[in-house]
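Each of the next two complexes has chain A plus one other chain: chain B in the first, chain C in the second.
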Partner chain A sequence: MKRSLLVATAAAAVLTAGAVQADEIRIGVLYPIAGTGAVYGEPAMHGHNMAVDELNAAGGILGKKIVSFARDTKLKPAAASAAAKELITKDDVNVLVGGLSSAVGLAISEVARQEGVVYVATIPKTIKLTTEKRHDHVFRTASHTDFEGDAMGQIVAKLGLKKICDIQLDYAYGHDLAAGIEKGLKRHAPDAEKVLDLRVKLGATDYNAFISQIMGAGCDGVTSGLWGSHFVNFAQQGSPFGLFNQIKYISGGEIASHEIAGKMKGDYPDNVWSNTYELWYHHHDPSHVAFQEALAERSGTKETAMWPVLAYIGVKFIAAAAEKAGSMDADALAAALKGMSISTPVGPRTIDPETHQADTGQFWGPMVKKEGVDYRVMDPVTFIPAVIAE
Partner chain B sequence: MDSIIQFVQQDLGNPGLAALLSNPSFAFIQLMNSFSQAMNLFIIAAGLSLIFGVLRVINFAHGAFYMFGAYIVYSVAQEWTGNFWLGVAAAGFGLAVMAVVIERGLFQYIYDKEHLMQLLLTFAVVLILSDVAKIIWGTDQYSVSYPASMKGAVDLGVTVYPTYRLFLIVVGPAIAIGLWLFTERTRFGRLTRAATQDREMLSALGVNVPMIYTGVFILGSVLAGIGGGLAAPFNSPTPGMDATIIVDCFVIVIVGGLGSIWGSFIGAIIYGLVFNYGSVIVPNWQDVFPFLILLAVLLVRPWGLFGKPEGGNA
Partner chain C sequence: MTGPMTRPVLAACAVVLVLLALVPVLESNYLIDLFNEIMIYALFALSLNVIIGYSGNVSFGHAAYFAIGGYTMAILLTTYQWPLLPAFAASVAFSFVASGVVAYFCTRLTDIYFAMLTLAFSMLVWGVAFKWRSMTGGDDGFVGVDVPAFIAERVPFYYFSLVVIAIAVAVLWVICHSAFGRALLAVRENPVRAGFVGINTRLMRWWAFVVAGTFAGIAGSLFAMVHRGMYTESAFWPESATVLIMTLLGGMYSFFGPAIGAASLFLLERLTNEYTEYWPLVLGTILLVILMFLPEGLAGLAKAVRRQILRVR
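Showing the complex of A and B:
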């Protein structure tokens, strides 16, 4: 089912490649479609295609049909950079959307800057994309590491934790999140003291050496951004030591998303507080009900993943900006995106005209057991808005 | 002692080393961590080393075999039966079947070819298998529960330690001794060793050499499958896990000496110790140290600690 959709997209891209392009809108899509990153790229493509299909059914953008040109970023900055260039030169796309992993996002953004094409970053979270590496044509609809770190600081304060161990992946996202947490702690929990800083290789599988250090350091809270299988391994190795009875685990990296909870089921540890962009069972915005039903039908499961909504929102922003600008010209599009507001299945979003950053808040809460289901759910769900209170 | 600890903590500014010196139970846990990690790696590396010792093929696809072992345990133990040990047995059996198909269908044609050809073929198998795994299991990260009897921890007096990890510490040496007995004490083992010395002569004596090759390839692959199966509870079956493990295995078998069971055993323990203590004492350099050891061994003793120099008739 998933595969056939991807194939259909690819086939559509090939078939229409030779068509006259004046009467269509060409969107260049960059996600990891094969290999390790496909676990995120495939669901992201569902969300992307869903938005495009909805828009086309309603007459497209500026009355023109939208055609997507998807290319694989392979989770590698070099591959993403080459793919972005090809999309612009060969496929003649009007706009770039997507990106997964902070390093990939920065690589695509650099191409967008050189070629003068608008890039809407839907998933990369490194703060640099909208600070020191920002340029006229890059916009971000994902959250970022300062928002994430600030929310974690709030939770540390709320739980009254005093001694913090921090464990992060040793690459752009981990480093930036550690800095974000540092600021968040200073702002919200000035009494909390950081007692241990650990850095783990991206893709690491053995965490025992780090787990015993955390347990020996005597911290009552662990802050982290270990995502995906990193968290699964860390939790599976930490649980037999009793780690999660000793500490509260406060994590970015969206490990509260159903793709992690639904897979770990009974092995998901206690005392985890984390975030997610979307929860299939939580209707923060009334429009989420219809969105989730349509997504469930498309992906063939009742319990849907978190990634689609990010890709979905990216396309909706582009469409709204194009309608407002009245053209797909890069500068007009960029001007329209500044300060642009749209409503999404997870609430309204506005792009800051100065920083090019959307006010993308996230759902945060403890992951608890619930009667009648064999996976953990977030309860209570708290929406922490993307506002850093100075 | 206290003054040493104070010196390390304040003048050297190394809280990790100070913690190791001042807290014996922490130092002990890292020792146990080293052994349990080493023993899991040993089971996999021993298979790689065994296959190279007899077939003279460096099997890049060994990591993919490990990944299949982990996925099979997920399907059998987590999805279908709920019995972890049945899952590990299925992983061993599944890999035996895969080994026969791959050895008879592909590898048997390249034993006399140059190393580059062998490398290309085994690498092609890596790519094919990772796609096959994606078609069967998709791209999700799975989680496998510990066997019910080994969920908790055991009190060792100095500290508590996870039961499953202790089990790995026991099972590694058991497999090492089993392999040693097999190669030294059985007829098939003796023929295997003879095949590494002179396969033409063995063939002339009427021994079915291709069958020995297939047998050894099955044994090595089953070790990868079981190693992957045993790793599944703490190592989430996920795409890409094959690439990580093969690098670790290469470090171990090159340090220990390609083709030597005890070499892999010692190589794995060195790797475990360096990784676990290194990550405490020099946290930012932990990934470099295994490779520094590799480099040192390659410079001083390129055939490895327990290996034999290439071309020498030992």
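Showing the complex of A and C:
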């Protein structure tokens, strides 16, 4: 025991040596890069690295080179917390960026609070991050469940739906989104009545019981946050019963993103309205053309994913704030981020000085068939800004 | 098992304690955090070994008591704003009671049935932590534990943690080397014979389970404070598997073996994570090597090497 501890001390001491270089800007990056989360984390890293490379090519931040230190969060909050701490204490990072899943976002944010380091949450959507768990050093550039719920309320009103079934995953995001939809319906479609509340286990693969319940309830609209493979399974099992001919399916689970449409191809059902942060084929902002081309080259495919832009925007906010603050000091950086506006490939973004939440709107629309391609595309694309009209 | 506290063992313990106490002198926040977590996992693994190494049963659900201790501490300190000592005492007491209740059922069974039941109870605990959102924060985790101001800083907390763990390990040592510990070994080696000589084997196994659960609870409550949060994954079965592997790696037939296993596995995981994301592959290989070549873990290996050297001389 004695010997192993001695060895450990020596090893750790060697590993910590050589840290602290004042002539570079150190960014701690936290995405799930292995395992189930890698489908999201890997594209996110593309976006992150792209922003860093662009900034470095233009002289870095405050004239210093940017160096990223990436750690795998494994989609687990305790692992993310340990990784975030290590990035701060061992790698001396000036700022933390990233996070995927609500729990991971909250855990990283707690480390940022303790250690007094700025954390920019690029993907976690839990409302708590910018409400009850907000602190001086946390900022969010992703959307959140109240914005999504509000947009879904608007779509329900637009389509004139009257009886709504809600089906959500039974974990934090699902509960938060259900609450957001409730508020959105009250605001925009007060006539719509919620007739059914369904909760599906995270990771579920069998949806038959839920499908028959929805079809039996006689609703004309289904609101949902089933994301990724959850939606893929749900749609494949619901289609043979004609579920999607009977209802309009409105989802906040970003199933309009090309990674889902491109994966499902002909299996993608009719009557789906959903959202996405970015579409490779839709140039809302002129700068998107160049962004998408560069991303396509980096990811090795013309039809790029939605996640990179989120990571990209996070880095750009940090760079802009550092330039404005003139330093990487956490308090100065936080002060600069409050109320900061930047232009991004998906339009301008501003961080609210009070809530620390960026006005991250999303693209919403129906997913339709298109001549010449075997996957569905969103048409027409509507940008719903992140504004909740009280 | 190791015999009574011999002079070399005592000296080694003193040296380790002094070295650990000197860690903050290096003025590296990273090393302070690292050693704090290693100590916590060492205590966690040592506690599990009371069930495995001493009473001869394999628990697949030891994380439950770690989580119970952690959540109790987090909730009492933060939600109810209890002072440190009552909160700590309550979390230890609650781990004691919870493991006592579970042990009542589990010790009716042995072998695989025992292991499966411990797993079932730990999944129940996980289920409660996951579903009781208003109290535990559900899968968002219980974030933002209020650690009392006098140990809120890194170095004071490290010393607090060191003192608590040193006392806990000492108490565990005394328990394992008392008449009770020896009786447990008898139960492990031959329960039938132990029963015939008048040992209440079920009661002995019950106590072993409760001691293990209580000390895991202490480790858990320190974990909640060092991370300023408690998460459902700490109650989930892979956590139980991790601590089981730590115990096996270190060597379950030695009192200090599991602590060495915990330190080695923890450091290895941290270092591996810096270079590659394929930690599970490394973990699997380690497990394979232990099972195939090192049934008595690192402690057994050390003993064998020493024996070889003595023989050569």
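The rule is short, and it goes like this: the second predicted complex is superposed on the first by the 370 of 390 C-alpha atoms of A that agree within 3 Å, B and C clash if a C-alpha of one lies under 4 Å from a C-alpha of the other, contacts with A are read in each partner's own complex, and residues count from 1 in each chain.
In this section, a contact is a pair of C-beta atoms (placed from the backbone, for glycine too) under 8 Å apart; a residue touches a chain by one contact, two chains touch by 3 or more.
None of the values given here were measured: they were computed from a predicted structure.
> Tell me which partner A:Ser109 touches in the superposition: chain B (first), chain C (second), both or neither.
second
> May I ask you to decide whether A:Lys85 touches chain B, chain C, both, or neither, giving the answer as first, second, both or neither?
Touch status of A:Lys85: second partner only.
> After superposition on the shared chain, which partner residues are touched by A:Val39: those of chain B (first), chain C (second), both, or neither?
In the superposed model, A:Val39 contacts chain B only, not chain C.
> Looking only at chain A, is it chain B or chain C that touches more of its residues?
When the residues of chain A touched by each partner are counted, C comes out ahead.
> Would you mind listing the overlap between the chain B footprint and the chain C footprint on chain A?
In the superposed arrangement, which is not itself an observed complex, chain A uses residues 2, 34-35, 38 for both chain B and chain C.
> Going by the contact rule at the top, pick out the chain A residues touching chain B in the complex.
These residues of chain A touch chain B: 2, 34-36, 38-39, 42, 198-199, 201, 203, 205-206, 208-210, 212-213, 216-217, 228-229, 232-233, 236-237, 240-242, 259-260, 263-267.
> So in the complex, the part of chain A that touches chain C is made up of which residues?
It comes out as residues 1-2, 4-6, 8-9, 11-13, 15-16, 33-35, 38, 71-72, 76-79, 81-83, 85-86, 88-90, 102-103, 106-107, 109-111, 113-114, 126, 128, 133, 171-172, 175.
> Under the definition above, what is the set of chain B residues touching chain A in their complex?
The contact residues of chain B facing chain A are 16, 19, 23, 26, 29-30, 33, 36-37, 130, 134, 138-143, 145-146, 151-153, 160, 162-165, 233-236, 238-241, 244-245, 275-276, 279-280, 283-284, 286-287.
> Which residues of chain C touch chain A in their complex?
12, 15-16, 19-20, 23, 26, 28-34, 37-38, 133, 138-141, 143-144, 227-229, 231, 233-234, 256, 259-260, 263-264, 267, 270-271, 273-274, 277-280, 298
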